[in-house]
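Heads up, the thing below is written out as structure tokens.
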Amino acid sequence: MTEQFVLPGDQIDVSTVVTGAAVTLGPNVALSKSNLEQTALSPTTAGLLNVKNAESRSPVYYVESNGRRYNPQVNDYVIGIIVGAFGEYYRVSLNSFSAPVLLNQFSFPNASKKNRPRLQTGDLIYARVESVQRNMEAELSCIDPTTGKDGGFGLLTGGFVFDVKLAFARYLLFDADAKILSELVKKCKFEIAIGVNGRIWIKTDDIKTTVACSNAIRNCQTWKKEELSAKVEDTFSVLESHD
Amino acid sequence: MDTTYASSAVKALPDAPVLSILINHPPFASMERKKRPRNDRRLAELSIILKRCFEKTIMLQNYARSVIEVTVTILSFDGGLLATCCNSITLALIDAGISLYDYVTAVTVGIYDQTALLDLNSLEEADLSFITIGVVGDSDKLNLILCEDRLPLDRVERLISLGIEGCHRLKQLMNETVREVGTDLLSKKQ
Amino acid sequence: MGLDYDISTNEQEFVLEALKQNVRLDGRKLLDMRDVKISILPSEYGHVEVSLGKTRVACKVSAEIVKPYEDRPFEGIFQINTEISPMCSPFFEIGQGSSGSGSNSRQANEEVLISRMIEKAVRRSNALDIESLCIVAGSKCWAVRADLHFLNYDGNFIDASCIAVMTALLHFRKPDIEVAGEEVVVYDTNQREPVPLSILHVPICITFNFYNPNGNEENVKGELNNELILADASLIEERLSLGTMTITLNKNQEICQLLKSGGLNIDASLIMNCCLYASKLVSRLNDEIHEVLKEDSKKRRNVREEKELQVFNERES
Amino acid sequence: MSFEAESGFLEQVDGSSTFEFADTKVISSVAGPLEISRMKNEKATEAFLDINILPASGVSSTRESLLESKLLSILSKVIDVSQYPRKQIQIVIQMVSPGESQLYTVKELTAIVNSVYISLLNSGISLQTSFLATCCSISPSGDIITRPTAKQLESSRSHTISVFSITDAASDSLIYSDSEGTFTEEELLRVLDSCAEDIQSMNEKVREVVHNRVKGDYIWHI
Amino acid sequence: MDVITITQPNQPQAEINATLDDGDVEMEDEELDVDVNGGIVDSAKSKNDIVVPGELITDDPSWMRGHGTYFLNEKTYSAVAGTIIRVNKLLSVIPFKGRYSPETGDHIVGRIVEVSNKRWKVDIGAEHDAILMLGAVNLPGGVLRRKSEADELQMRAILKEGDLLNAEVQSLFQDGSASLHTRSLKYGKLRNGVFVVVPSNLIIRAKNHAHDMPGGVSIILGVNGFCWIYKTKENQVPVAGGSSTQSKAEAGFQAATHNGGYTPGMGSVSITSLEEQSSWDIYSDKNDTISNSIKETISRYKNCLLALSHCNIAINETRLAKAYDISLGYGDVNSLVNEEVEESIGEDLINSGKMRGVV
């Protein structure tokens, strides 16, 4: 692993930045307050420092950390549970015990005053974070802004949902060759939705396979890459041996 | 028998239906006249148990956005506290016209040597092991069992079956009373 | 009102459907218990940590000499502290259970039930002989307290904490004392070997949870009797359960406490089956506890012998 | 002089750790930012820090409240509370063994601060800086003992706890200091110096513990 | 055999003995089986069948299940203690007692508990507070006026917390809560009288619930059991008691239009600004002067109403009038609060009804 481990208070080395470049502060990076004479960057939590586009005029500095509690960021894909409704909004929970975010009843494709989805408390939705503003609740949307269609967003019916850590969810969503998913594909057919808020929804043809898949994904957070195939095999065989 | 009084009222609330059961045990109700602390865990437990007994028996789905408040005041305590609370709440709910799947009846069963006894008074409760059994309607299914004393496992079955019979008998008695009161009400309405 | 877990309808339906097919999320069968891990902290007496799957509970027993209660001069004092903190889960709040019957939130109910259950299972059933704690009648006695620390919540706190309390009580040693009239001499643990408590029996709780595969009406009026029963529920199973029953037994096949508080109605014969099944689990758990205690005492003896040897060697040299 | 620390072993909270030195051991947990559970706690511009310290045996008393308020004054300076308006951060500390008599709080507070620091890093909550705490006692003969045992503490003339911020792996500025007993100005300065030094040496190991935790979090990636 | 005794405190001694002597549970079951299992009704069973919660009503699946029932498989059970009502194929059970459940068209009396956005919340003794929209009241200034923003701001000047009003249930929401209106001359704010609550099930539904009673007193018997007894309005064509086929309101309306003169407090149709001013009177908080004798009569009616309620006698205007007559024989108004007197009034009423063969 090439990324550098950093802690709050550490000064991030910005000497490589091209003069005149506009540095973007990604997640977990803030302007250091301890040193006022010159601009210095400092991480806000323990993690691995990443720099994107380091050589360019717009480098991005961010610190990878694998937490459990999600902070909404615009354009993230999330899985939420409807926990209430008021006015024309639904209240949606992204993590248990976190403050709920909002979903406008009209933020669905082709929604109108007469024709809007009737969601119940407890329903599961796949959505995109539409806006995040300080001092306001974040807002979700079920419309794909590029097409105006549902783009896979909306109500998730059936299946099972479980929690994983945030960095792992991001890895599953963005890393095309996430090994665990390709392993599972070999075992069974499944539908999956990954929310970067650490929720994963999975649906297969039968209960046992769903249980096996969810256990494999959840537990593989503590598996090393080389032992993965064998452990996936174990997970499935345990359930199949069941009466 | 001790006497309890339950009243129920339904009032609007924004969310899912709520059943709340409050038990008062005033000092005059028992011999010791002991003042109980306000956060008496025993009464708190009792009210939680009662709440769970009725939560599935009241057709709560009919009372969305409402709260059903039940207040039980113990007027005189002489054993069978939980059972009597249970029975009086059933009658109070019926009197309040609240939809129930069936009667919830409860009774205490104790054991003396080899003999099983129904409905102990407080002196008997102090000396014998006993259990409280609660049944919904005429079924052989148990809604409530409470045993707080040491009791050989092999005795339990007999106590339970006797308790169930006691509950069924109680249901009949309560049934008669409800019908009597109902008939009386109807006759005057005509 | 405290915070609560948000559980989707999808999860609810899935878990119930899985249970109907005799599948649990962690691969157990309905009546299987998770593995119990009992670890005794080596540094002191009576400090035990129990894990039941991911549920973790620690119990610390301590004792001091105090004046007995006025109305019970011949008895010592035994207290169990069961305050649940948000450490085990933000679901629980500080001070919820102590607010008594006035509070109506789910977590407050849960805490009251857990504390009453442990109270009844251990204290009321006289697991600890409190008369043996009397030192000088009316003026001095031992006050033993067991403090439960709830560290991680994954369902079934009751069973885990009961095992923790009983193991800690069995393991605990109080300093040896000598009584001369009204005077009590307390010996340091280094001076004299501390003495164990007098434990009369070992009550163990087993909790069952009930689920309804049919409608409410079927449960009340129907004849199917196919309600699902499972032992040692995990977090999500516990949150979705429609009724629970805890039975406390000791190895003499004696019920110390039994509570099924409402919820689903369950046929008496099924309840009896649960009781019999529980008694099997109890004797197994009882053996496990004693096994752990035996291991520990062996370890301690070795350490002591080593120490003595060391002291001896030092003296020699 | 050594200490033990472990991080990230509790499932239901966002961050957790134990910290143990010289017979003093604590477990701490951090969860947040969470929804406010009681309206009266809500702060419009920053997070509410809900701190609870539970004694190893017995129920919370004024002693725990004192520790809670001391901890609050430290944490409100290092947690970036303005980042989480109208939310709450729950911090729970479970004492496992106090390692000092009822009369003292210094060792416990030291362990608590360090444990909470590791838990906070584990939870991902924004911090302004790294920080660590240590304690010293001055023996009757004037020797400075860092991280004393219970016995050393009882025989001491005075004791001090200090919390330093850490910049680039070096003790930087003094965040909090609390002394009890008799000492001269010169002694206090000496004490602070040796605290700063001790913290710097502790930091290496703490850093390693946290790094290992992060490595463990990304085990699937390696 | 174990002896089983469950004694009922009120049970006569003989019955207890019978139970004791029996000493066998199974046998008792048969003996004391009072219509518990025999409760299956076929269509032939009489109209006022009493059922209790959990009792099987019918195993005929062709019935539709209404309020107060539930079903499993093909069997329909009762969920309340009450009487079976059949309307066509709809089977429902009306509980003996219970909270008032509003129905469209009910004439009710209620109390304002909350003023909120463009609506009032009204306590009508039902499960949920009823809603009275600002647009559903007669605004001062005449029925023809539309509501304005000024009205929204001064809703408390019209009706405020604690005010009593009589209204009609306009419609029901999904959860069973009611929406009210007072857009008629006979509805609106109440003054000049006293408020009495009786169980709602005692009020007999009738065409009219507002009546002028002998003695210069009028009464509104709200279907929800909330009643209002007040001084009969002056300048009104006297309406003969209950025998009149013409409703009071109609009469009042005629009075307002035919007499040409306006009746204060009746919210008459007015267009002149002078009358607009005075139409605020319908929302006045001030009582008219009421003579002592009227006050006494109001009290007597109130006590009669309570006596009927105490004896669980269903209430309508004729019965109340009769009770009033009977009460005169008991002398002073104050004596009527005595429980025994209440009971004997009830008895007298029932007997007089029997004698005349009607009631």
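To keep things simple, chains are lettered A, B, C, D and E as they appear, and every chain counts its residues starting from 1.
Please note the rule applied: contacts are C-beta pairs under 8 Å (C-beta built on N, C-alpha and C of every residue); 3 or more make two chains touch, one makes a residue touch a chain.
Not measured: the values here are computed from a predicted model.
Chemist: By that same contact rule, can you tell me which chains touch chain B and chain D alike?
Modeler: C
Chemist: Hop across touching chains from chain B and tell me the fewest hops that reach chain E.
Modeler: Minimum number of steps from chain B to chain E: 1.
Chemist: Return the chain whose centre of C-alpha atoms lies at maximal distance from the corresponding centre of chain C.
Modeler: It is E whose centre lies farthest from that of chain C.
Chemist: Quick one: chain C and chain D, Cα centre-to-centre, how many Å?
Modeler: 31
Chemist: Can you check how far apart chain A and chain E are, centre to centre, with Cα atoms defining each centre and the answer in Å?
Modeler: 58
Chemist: Go ahead and note the Å separation of the Cα centroids belonging to chain D and chain E.
Modeler: 67
Chemist: Could you state the distance in Å from the CA-based centre of chain C to that of chain E?
Modeler: For chain C versus chain E, the centre distance works out to 56 Å.
Chemist: Would you pick out the residues of chain A that each touch at least 2 other chains?
Modeler: Chain A, residues with two or more chain partners: 97.
Chemist: Hunt down the residues of chain B that sit against at least two other chains at once, touch-wise.
Modeler: 59, 101-102, 136-137
Chemist: Give the residues of chain D touching no fewer than two other chains, as numbers and ranges.
Modeler: 31, 34-35
Chemist: Judged by the touch rule stated earlier, which pairs of chains are there in contact?
Modeler: A-C, A-D, B-C, B-E, C-D, C-E
Chemist: With touch defined as at the start, can you tell me which chain C residues reach chain B in the complex?
Modeler: Per the stated touch rule, the residues are 97-102, 104, 109, 112-113, 115-116, 119-120, 124-125, 216-217, 219-221, 225, 242-243, 245, 249, 253-268, 271-272, 275-276, 279.
Chemist: What part of chain D is in contact with chain A in the complex they form?
Modeler: 14, 31-36, 80, 85-87, 120-131, 165-169, 172-173, 207, 210-211, 213-214, 217-222
Chemist: Which residues, counting only chain E, touch chain C once they are in their complex?
Modeler: Contacts found on chain E: 54, 70-73, 75, 77.
Chemist: Could you list, by residue number, the parts of chain A that touch chain D in their complex?
Modeler: 1, 5, 7-11, 28, 30, 33-34, 42, 44-48, 64-69, 71, 97-100, 134-135, 165, 167-168, 171, 180, 220-225, 228
Chemist: Within the complex, which stretch of chain E touches chain B?
Modeler: Those in contact with chain B are residues 2, 4-9, 11, 25, 28-29, 32-36, 48, 50, 52-54, 68, 70, 77, 79-83, 95-99, 127-129, 175, 177, 202, 311-314, 350, 359.
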